[in-house]
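Both complexes shown next keep subunit A, but they swap its partner, so subunit B is in the first and subunit C is in the second.
Right, the complex of A and B next:
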C-alpha cells in the first residue's frame, strides 16, 4: 500500500482509537494496564482466531483455547519452569517458534478431523476435543505435570526491558493483537480469504467450481492456530503459569462468549467482546455477589444471542443505520450498512439443511 | 441370520467368533498362561460389567440428546446441566420423602417441564437457526451450572438407593477354583446391574414408542420431513414439545440413576455432556440405536482403558471418536 494513502484511508475515529490505545498505559494504573488492558488484548486475540474461523469460514470451533493452551504448555515444557518437570531450557525464540508451530499443526489437525462434517457437528467435535485435552493434561504427569501444571514461566529480558512489567507487556500484547488484526483484515480480502468466505456461503458450489474445500478449511485452521498459539505464548507469560484449569471447557466457552458478544462479522468484534468480558469479570463483584460472575456473563451472552445475533457490532451497525435512515421510515435494516460487505453474519449461513 | 451371512460372510464369521471367545472368557476358568498375559479374570469380568453399566448410564443420557437432535436439529448443550438438575431435584425429593422411586419420577417430570419451557419460550423463537440455538443452550448451561452451584454448593451428595437394590449379588461366574476345589464366584453390586437393565428397558420402551405408536410415527415422520408433517395437519409444535420434554426428562432420570451409581457434584454436568457428545458422534446423531451402539463402545472403552491403561482412559475415548470420524463421519449408525 502506498504510505501516503494511509492518511486518507483510515477513518478519523480509527486514528483516535489508535492514539487512545497507544496512550492508554500513561494515565492507567498498573492494574488497568496489565490485568484489564493486556488481558483483554490476549483474550481478544484468541477470540480473533475463532472469529477468523467462524466469521470467515463459518466453522465455529471451541478448540481455539485448547490450541492456545497447548502453546502455553509447550512454552513451559521447552523453556524454563520452576516445577522441575521437563523445562528443557531452549532459547526463548526457539521455544516460541516451535510452540506456535506445533500449536498451529494441532489446530490444523483439529480442522482435518472436523472438516468432513458440516456446521453444527464442528461445534460438537471441537468441544469434545477441548474436553479430552483438559482431561489429558489433568491426568498426565509425565509431560503435562497433571493437576498442578507448570509455574514460573518467564518472558525473556530483552533490550534491558523486563517484558512482564505492565507497560512493556501491554505494548507487546498490543503489537501482537494489532498485527493479527491487520493480518485477518488482509486475509479476508486476499484470494484465499475470499474463497474461504465463498466456501462458508456455499461449499457445494465452490467444490463444483474446482476449489478444494477441505484444503481451504484446514489451511484456515492452520492460520487461526498461529494466531491462537501466539496468544497462548502471551497467556503463559501473562499468568506465569499454566494448569488444566486454564484450558478447561468453561474457559473455552468463555472464548466463544467473547467472540459472540463482540460479534463475528469483523475482526474488531472479538476485541470489543474481550473488553466487555474482562471488565465484567473484574467489576461484576460490585454489581452482584463475587461468586455469581458466571450468571452475569451467562445472562449477557444469553441476551446477546437472543436479541442481537451479531453481537455488539450488530447493535452498533443497527444504531448507525437507524441514525442514518431516520428520515426514511425504513426498519428491519439489520446488517445493511455494516461496514465492509465481505463479513456476513455467521448465523445466516449456518442453516445447513 | 442366513441372509446376513450371505451378504457379509466375513463379518458374520468374525462377529460370531468374537462372541464365542467372549462367552468363553466370561464363563471358563482361566488357564495359567492367560492370567499371565492379561491379568486376573476377576479384573476382566468386573471391568466388563462396569463397562456395561456405564454404557447403560451413557445410553440413558445420550438417548435424550439424540432424540432431541433427530427431530429438531437442536444440539442441546444444556443436556449436561439437565442431568445435574435432575440429580439434585431427585436427591431433594428422595431425601424429603424417603422414597427413592418418587425422587426418580419427580426428577423426570421436573426436568421434562424445564425442557418444555425451554422449547416454548426460547427455541421456538429461533427455529431453523442451529447455531443460535446451540449458543443459547451454552448460555443456559453456564447460567444453570452457576445457579446450581449457588443453591447446592460444591458439596458431593450421595443417594441412598432402596434396601433391596443395595448390596452385592453373586453372579454365576467362577473367577478361580481354589486348591481345595471350591469355586469362587464373582460378586457384583446389585444396583449397578439394575442400571444396565433399566437402560435396556428404556431402550426397548423408546423403540416401541417410536415404532409402534401413532405419536412415535409422527416423530419419525418429523425426522424425515418436518414441513411435510406440518402440512399434513399435525400440530408439529406439540410434537416438538413432547419430544423435548421426553428427551430432557430422560436426562433428569439419568441424573438420579447416575447420581446413585456414582455421586452428584458440580462438574458432573460437563462429564455427561461430553459423554453424550462422544456417544452420539460415534453412534450417529439422531439415531436411538446409534446411541445404544455408541454407548456400548464408549462405556466399555472407558472402563477397559481405566483398568488396563490408567492414565490414558480419556485419550482412548477420544481416539475412537477420531477414528470413527475419519472412516465414517456420520457415525456408525448415522443415516445419509
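Right, the complex of A and C next:
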C-alpha cells in the first residue's frame, strides 16, 4: 500500500477526533465533562495497560485495576487525606512519582508470578492477586484504613488552577491518556514492542532467537504498571477517595469488559470501550432500572464477543473495508490488500511519513 | 602465570576444534526413551547430515542441543564451553541457531519484522523502546537476509499470508540471522517443490565456510549433496557414523532403510 494514501485517508478523521476531544468541555455540561469524559479517559487508560499486556503481549491480566488501586491508596498514604490515618503529607509530585513507581514494581511482581503461565492460568493467578489485595485493604486498618478506606484526597492547586474542576481535570486526564496512547503506538514498533508481539505469537521461537522471554514479559508488566499506576493517581483525585469497593473483583472485571468491548488490537480500543461502558453505566437507568446495569453490560459484552472478537475496533474496520471495497470496485477492480487494519499496519503507517 | 597462559591457550585451541560435543546425552519423556546415551562431536565448520526413520529421535536431539527440551542426562559443550545448564536463549547468543520441522513463526508480524527480530535477538538493545532508525544495522542485515531467501516480494506481508514454501524459506532466514557459527536445520526441504529444493541447496552450499551445520533430511540426494559426514540414528541411538559413501554403501544401513521403506 502507498503510505501517502494512508496519510490522506486516515488523517482527516484523526484530526477531527483531536479537535472534538479538545473542544468537548465547551458545549458539554460539568457532568458530561467530568463524570463521563474524564472518567472514560481514566478507565480507558487503565484498560490501555491491559491492552498492552493482552493485545501486544498475549498476557491477559486481571490485576491491572489492582495496580491502579494501589497507586490510588499510596496517594492517600503519602500525600494527604482527611481520615486521620497516615497521610504523610509529602509534596504532591514526590507522592505521585513514588506511588506510580511502587505500583509499577508491584505490577512487575505480578508479572514475575504469572510469567510462566499461559492463557486461562494467567487470568486465574492475576484474579487471585486482585482478590487478595481486596481482602488485604479491607482487613488492614493500620495502613489501608480497612473498610472505610481514605477520603479527602485532593490534587494540587497549580498555576492558580484547581485541578479537580471539571474542565481542568478533563484536560489533565486527556493529556495523560493521549501521552500513553502515543507511547503504546510508538513503542509497538520498537524492538521491545515487536519482541512483545512476537512473544505473543510464539514464545518458544523467541527463545530460539536469543530473547529472554521471561524478562521481556516482566518488563512489559512494569511498563503497563506505569500506565495503570498513573491512571490510579487520577482515579484517586477523581473520586477524592479510595476504599476497598474501588478495587473489588467486580471492578477488575469491568476493566477486562472494557478492553474486550473496545478491542485489544489497537490502543484506541480500550478508550472506545470505556466510553461505551461509562455511558451505559450512567444511562442504563433510563433504559431499564438501575439494578439491571449488569444485565445490559453483560448483554453488550456477549454480543460483541459473539459477533466481533476484535470488539468495536473489529466492527469499525469491517465497515471500513466494506466501504472501501464498494468504492474501489466503482473505480477499478484492483485487489485491495484486505482492508482490515491490524495494529501493525497502523503502527507502520505512523512511522512512514 | 605461564601455566595459566598455556591453559587458556589450550582452551582456546579446544574451542576452535569442536563446535559441538555431546557426552552421553539422554532424554526421557516419562517412560519413553527418546534419546539414549548419545555421543557426538562436530568439528568447527563441519557439515553433518542426520538420517533416521520417523521417531528415531532426530528432532529430540536438536531440542536437547538448543535447550527447547533439555537433556535428562549427559553434558553438552558448545565451542568448548559447557552449556548444559544454560537456558536456550543463552546458547543462541553463543552462535547456535536452529530451524523447526514445523515452522514456528510470528504470524501476526510481517516478514521483515520477523527477520528484524531475529537480527536483533543476538545484538544489544533488545529492550529498546525507540523505533529503529533507517541506519539501524540490524534492519540492514534483515533486508539482506530477506533477499538471500528470495522473499523481497512479500517483505511487508504478514507471515500468515505466505505459502508453505515461503514459510520454510523464512524459517531459514531466522536461523541465519546474526553471526551464526552452528546451525541446526530440521528437515528444511520437507514439502518444498523441486525448484525450491534446488534453491535451498544453493543457499546451504553458499554459506560461509566457518559456519557448520547439522541437517536432518530424509531425502538422501539432498543430504549427500550438502553434508561431509553422516550420522544415522535409530531408536534414540547413534546407529552409524561415516562419510556419505560409507553410509550409502553400508549393508546394515541399506537393510534398515529398505526395511523401513517397505514396512
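The criterion applied here is as follows: the second predicted complex is superposed on the first by the 316 of 353 C-alpha atoms of A that agree within 3 Å, B and C clash if a C-alpha of one lies under 4 Å from a C-alpha of the other, contacts with A are read in each partner's own complex, and residues count from 1 in each chain.
Just so it is clear, a residue touches a chain if its C-beta (ideal position, glycine included) is under 8 Å from a C-beta of that chain, and two chains touch if they have at least 3 such contacts.
Just so it is clear, the model here is predicted, and its values are computed rather than measured.
Colleague: Return first, second, both or neither, reflecting whether A:139 touches subunit B, subunit C, both chains, or no partner chain.
Modeller: first
Colleague: With the two complexes superposed on chain A, say which partner A:131 touches: subunit B (first), subunit C (second), both, or neither.
Modeller: First partner only, subunit B.
Colleague: Touch test for A:53: subunit B only (first), subunit C only (second), both, or neither?
Modeller: A:53 contacts neither subunit B nor subunit C.
Colleague: Can A:190 be said to touch subunit B (first), subunit C (second), both, or neither?
Modeller: second
Colleague: With the two complexes superposed on chain A, say which partner A:121 touches: subunit B (first), subunit C (second), both, or neither.
Modeller: After superposition on chain A, A:121 lies in contact with subunit B alone.
Colleague: So which positions on subunit A get touched by both subunit B and subunit C?
Modeller: 351
Colleague: Please give the residue numbers of subunit B that touch subunit A in the complex, ascending.
Modeller: Where subunit B meets subunit A, its residues are 73, 75, 77, 122, 125, 128-132, 134-136, 138-140, 142-143, 145-147, 149-150, 270, 274, 277-278, 281, 285, 311-315, 317-318, 321-322, 325-326, 329-330.
Colleague: What does subunit A use to touch subunit B in their complex?
Modeller: Counting only subunit A, the residues touching subunit B are 60, 113-114, 116-117, 119-121, 123-125, 127-129, 131-132, 135-136, 139-141, 249-250, 253, 256-257, 260, 291-292, 294-295, 297-299, 301-302, 305-306, 309, 346-347, 350-353.
Colleague: Once bound in the complex, which stretches of subunit C touch subunit A?
Modeller: 66-68, 87-89, 92-93, 97-98, 100, 104-110, 113-114, 116-118, 120-122, 125-132, 156, 158, 174, 177-178
Colleague: Give the list of subunit A residues in touch with subunit C in this complex.
Modeller: 186-187, 189-195, 197-198, 200-202, 204-213, 216, 219, 342, 344, 348, 351
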